[in-house]
Amino acid sequence: MTTVQQVLDYIETIAPPSMKESWDNVGLLCGSGSQPVTKIMVALDPFERVCAEAAEAGADLLVTHHPLIFQAPKAITDDTGVGRAILRLIRGGISAINAHTNLDCTPGGVNDILAATLGLADVSVIDPVGTDAAGQPWGLLRQGTVTEQPLEDFLHHVKTALGCEGLRFVSGGKAVRRVAVGGGSCGSELRQVFDSGCDTFVTADVKYNQFWDATELGINLIDAGHFPTENPVCAVLVKKLQAAFPEIPVVLSKNHTDCVKFY
Amino acid sequence: MTTVQQVLDYIETIAPPSMKESWDNVGLLCGSGSQPVTKIMVALDPFERVCAEAAEAGADLLVTHHPLIFQAPKAITDDTGVGRAILRLIRGGISAINAHTNLDCTPGGVNDILAATLGLADVSVIDPVGTDAAGQPWGLLRQGTVTEQPLEDFLHHVKTALGCEGLRFVSGGKAVRRVAVGGGSCGSELRQVFDSGCDTFVTADVKYNQFWDATELGINLIDAGHFPTENPVCAVLVKKLQAAFPEIPVVLSKNHTDCVKFY
Amino acid sequence: MTTVQQVLDYIETIAPPSMKESWDNVGLLCGSGSQPVTKIMVALDPFERVCAEAAEAGADLLVTHHPLIFQAPKAITDDTGVGRAILRLIRGGISAINAHTNLDCTPGGVNDILAATLGLADVSVIDPVGTDAAGQPWGLLRQGTVTEQPLEDFLHHVKTALGCEGLRFVSGGKAVRRVAVGGGSCGSELRQVFDSGCDTFVTADVKYNQFWDATELGINLIDAGHFPTENPVCAVLVKKLQAAFPEIPVVLSKNHTDCVKFY
Amino acid sequence: MTTVQQVLDYIETIAPPSMKESWDNVGLLCGSGSQPVTKIMVALDPFERVCAEAAEAGADLLVTHHPLIFQAPKAITDDTGVGRAILRLIRGGISAINAHTNLDCTPGGVNDILAATLGLADVSVIDPVGTDAAGQPWGLLRQGTVTEQPLEDFLHHVKTALGCEGLRFVSGGKAVRRVAVGGGSCGSELRQVFDSGCDTFVTADVKYNQFWDATELGINLIDAGHFPTENPVCAVLVKKLQAAFPEIPVVLSKNHTDCVKFY
Amino acid sequence: MTTVQQVLDYIETIAPPSMKESWDNVGLLCGSGSQPVTKIMVALDPFERVCAEAAEAGADLLVTHHPLIFQAPKAITDDTGVGRAILRLIRGGISAINAHTNLDCTPGGVNDILAATLGLADVSVIDPVGTDAAGQPWGLLRQGTVTEQPLEDFLHHVKTALGCEGLRFVSGGKAVRRVAVGGGSCGSELRQVFDSGCDTFVTADVKYNQFWDATELGINLIDAGHFPTENPVCAVLVKKLQAAFPEIPVVLSKNHTDCVKFY
Amino acid sequence: MTTVQQVLDYIETIAPPSMKESWDNVGLLCGSGSQPVTKIMVALDPFERVCAEAAEAGADLLVTHHPLIFQAPKAITDDTGVGRAILRLIRGGISAINAHTNLDCTPGGVNDILAATLGLADVSVIDPVGTDAAGQPWGLLRQGTVTEQPLEDFLHHVKTALGCEGLRFVSGGKAVRRVAVGGGSCGSELRQVFDSGCDTFVTADVKYNQFWDATELGINLIDAGHFPTENPVCAVLVKKLQAAFPEIPVVLSKNHTDCVKFY
């Protein structure tokens, strides 16, 4: 019988907790390591709606990228979103595991999947932090190349490849050739990306002053959305988990799509 | 149908949250205010064994003195005592409410019950912090008088009245006449008790240096145990809740006795 | 001869510094109060390009919304954006004044202008902080009403009224009737807006988790862009300054448009 | 002529200051290193009564385990216990030396003496911090074995061996075979003791929640008193000092017995 | 019999502790309030040499301006100046009282005496903090007027009146008419003095950058020495104490002169 | 064409930034590294008057010891000294470089020049921090020897050699033989100097309690003024810069003399 702990052990081989940021919260955040697992659901976030979907689907383990608990709660009640999610999980007999910044950083993780989804070539880690057990460099961001093209062509490509509703961007006045990617909110890494020699940066949750910083630096900056840039990792997680635990059904959340629309 | 919120509202009339210490955590710490209540269990602590007993008894609300959550948890798992307790509660469909330092301080609370159990006369609040809605002074400690007696007689009385396994004490070299009481760990209030003119102080969890401080000050200090000095409030809570909600069975935990033995 | 100090004095009557947030930096941040003013330029931000434009235009005073200095600099050199802006200003003989969160909060300021630009009726301050010298309530956000309409109609109206390249939004599943506005990055005020009873909130720089919070709360949340929601105040500032100092030419920056594009 | 400094130098060879906790205060805390020593008194604590006894006994050096000064005083007056003790010492021409957590941790120190007094076999340091000059491991706690016996038999043994007035304890439901010891207030080390594989822990100043933690972990926890668990080191100190300084009389305080009684 | 506490009570009527700075340490810092007083010595500082002089003179109370203890000591030994002073006092049976910033601020205190010694007319408190029991304003600095004179004449007057070895000064390029005084290290109050409209400031321990600040502000700044500007209060204290306690000899330290020489 | 950056590079070879204190601010603090340099002015401080002198002299680079910016400014206006200095520099087209504690510490820096100016023999670094690229020890203070002489003779020598207006000092009761030097405010290093075995310490900005500490320790302490002890390095800087950049005129500020006078 496979247990929650065994699934966690596997996840920690592909996203070692030692790669996480110091402020982050990863691993088994709800439930019991000794619980038997008969069905796994994978989703980007453990929102209440996703927890409800997992319960309805009969899953006993929810694996997500974002953590269930960020700010440690003084009470677990239905007055807060995190309280409602925890109540749903425990009432549904569901444990919850997540891999967040460790999954961003690990080889084959969020940002390698994003680079692959965008078809980047010659992908490498920007400013690697160290090497993993297999000797591969790891770190937050990735860079790679595309056939040189006008920014507008690349915008079209990003929107199509990631299935975005829309993009926000500033032009740095350059053609696109060397592209950096950072799924989710990586706008604060703009200077590092610029110093690495990239002409284009794809990330999300970009703020007004970061768009202007890019304009001043002369680098193309594309906000492709938090969900579109990170969600591709979920399908990969489903496949990896299914391969590692062939006897357990592993499903992707259907409820969890992007909520942000463009007009 | 009575809800958890209605029970909480009642408890807050007898132990207003505004009387709690700033570091304390009180109120609804687990579950849902809108949940219907069909059975209430009362206990001093929400230990895992008590949560299990409540589940077996079919209670849907656990009312305790000590809080379920002190240090806000980064994960709710069975690797920690608080995690196991929360899992038991939520799996059992049980909400948890507590009144801690507000119950210590309120008129008719922990320390008034302790004073009454010891048969003190002319009971008053030591250094009142304010007055409650009814105009009664409130604060942490109580003082009252007994017929003047040798310390040994009073020790016998305390042990019998509170049902203690044993007592630890130092003699201040005085007969017992004016007694201060502070249920639980109130040893750090020794100086305040001394300044109030009491000759004897009954509290619990007294440390080595506090026993010596009492010796130097010349005040009788009696450690009657954390459980024996606070638990009397639970039976009173059962009665008050039963009177306020006559249609709901209110029971006292049977599992939760004192664990500390003397040899 | 009008001096920089006289212009500052006037600005402080319409945006009292006492209304600013404690972390903010407003007033005369560069130059000299005694400097004569012969031409004023107004712009949303004191970016280097704007400072250069002011110099070329022969302005000796730049009035902006955002402050020239946020993080106090340890050096004033052309290695940083703020350094380059300061060097441009001083070399060009230009003083710099700004009104930031005080201009957001003041009656007739950023958010009243935004509400007016959107044509809101019955505009009031949400949770006023106090009253100004004229007895009018002030505070960060505004709310007002529109003729009840589907969200899509309101999106069209916002885009047209503010001249936005595009909008990002989530639907709360409600028609639009009571609208809250907060120019710039006010997403963290979402809960306050919801509690005030509004069905729709127009602000900018909204993050992924804030869009989801709105979805969960069931409130329409529209990110109309930092520049489009704040820039309308600049034209009003030009008019007010021109009226107060009729002998001095007051011009609006032409260089400073929004840099963010949509695809 | 032997000086205070020479006695301190000797004490630091048996209890190196480098072994102390960072918050601790050890060494010469009152008087003068150059003072000639003609008589030494040893006691567990430098209470005022002990300082008075030392003065009456004609001692010019007081050696204790607990420090004279914990919280650095803003005034040295007879309004405080520490002030009265310092006044007694200086008026009596007595210097004061102590070794506290360094004496707890050192090979042959407080906890080795406690283990020996309890007759433990195969004694070793739990989780050693390092090795001393002689290559011996050092650290706070010790563990050792006894002939397997029921808890009640071991309670009898502890009470007799340490001369305790009484014991407080919880049963972990196990026979006694592998025993950890930590003189004084070491209840917070319970988890470490449990992880080391011991079935029984002897320490002091145990609090209510620590007794319950032991109950939940299933480990026998015995509070044998602060004085009874630490005082055995004093007689050993007397012997060692007498051997090192045969020409100086070294005496044990007679005034300093345990103040805590049981009923 | 007069006690130390009675002398302290008197000192607190002329220099209320409520006037002290929050970081300051005043009152009875060594000894015992119940000690009978047969002789009082007054000095600016409780240096070791002064404590020795007090012991030789048979004083049992030392009254100073500067506190015996600034940084609370972790040990009272002859390895430090403060340790040696405390050892001298206690061995000599001498209690120590001080009034520091409360004596600076109080009407009739350090700075009023300094103003009087310099012969200032129309003396008032600069920026009073409050009023004392008699309704008189109090605060740190004093200002007053002299007959208008060249700086050089005033320098001669200061040196003579205070008996200084030498003066350090910068000229602000102004004649002397309105003079501020702050005994001891008040150089950081320069801006406040300037804003009060004074042309000249007499204080001590002035640093390089403060001299330059005065040069830039155009204010005459005179460093007349810490001892010369504060010591005049000691003779006044002797007189006041002698009047209040006519039966007790009150003497001024003879050992404590200024150590600083000029070349 | 020589640029500001090239001059900075040279200065960093003689005063490596790695030698500075952690709280210090050194390097290019105003202007632009790419600016061509046609004239350099050197001065101890970048006071407004010095910046004005540099502008009048046609200098485009000001090199000083003290930093232009200590406390990072929230505004650059003529309301503050640092604001006026920055405005003067930028309006005059002048960049500003400084080397502060790195110049104090480096071999051949402030304190080696001071030692040489005083004619000390066998000069060495007191408690070296490390070695520089050339293998020479570096650190804050220097010590060296003079022919043994009475303090008064040495006072005469110091006053003459440094051109002081006056000296302040205390005698330690010793002849002068081994002298420590620390230009500027090094009084807090007194204990370190004493422990190094010196009989005499020359520094500046000495405070009352430091003079007394020296008296108690029995060490001659001479306050020779901040300017006189540090300014000698400026002439050396002029020479070194002139040698390194022979084509650029390098001049010493004439305006910047000492402002402190003695009476």
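The first chain written gets the first letter, and so on, giving A, B, C, D, E and F; residue counts start at 1 in each chain.
As a working rule, a residue touches a chain if its C-beta (ideal position, glycine included) is under 8 Å from a C-beta of that chain, and two chains touch if they have at least 3 such contacts.
Keep in mind that what you see is a predicted model, and the values were worked out from it rather than measured.
Asks: So which chains count as neighbours of both chain A and chain F?
Replies: C
Asks: Is it true that over half of the residue numbers where chain C touches chain F are used by both copies, so same, or is it different?
Replies: same
Asks: Name the chain whose C-alpha centroid is most distant from the C-alpha centroid of chain C.
Replies: D
Asks: Please compute the C-alpha centroid of chain C, do the same for chain D, then give the distance between them in whole Å.
Replies: That pair's centroid distance is 67 Å.
Asks: Rounded to the nearest whole Å, what is the centre-to-centre distance of chain B and chain C, using the mean of the C-alpha atoms as each centre?
Replies: Those two chain centres are 54 Å apart.
Asks: From the C-alpha centre of chain C to that of chain E, how far is it in Å?
Replies: Roughly 54 Å separates the two chain centres.
Asks: Going through chain A residue by residue, note those that touch at least 2 other chains and give them in order.
Replies: Not one residue of chain A touches more than one other chain, so the list is empty.
Asks: Could you tell me which shape the graph of touching chains takes: line, ring, star, complete or other?
Replies: Its topology is that of a ring.
Asks: Output the circular ordering of the chains, read from chain A in the direction of chain B.
Replies: A, B, D, E, F, C
Asks: Can you list the chain C residues touching chain A in their complex?
Replies: On the chain C side, the touching residues are 45, 47-48, 81, 152, 155-156, 159, 166-171, 184-185, 204-205, 207-208, 211-213, 215-216, 225-227, 259-263.
Asks: Contact residues on chain B for chain A in the complex?
Replies: Residues of chain B touching chain A: 25, 27-34, 69, 72-79, 86-87, 90-91, 93, 95.
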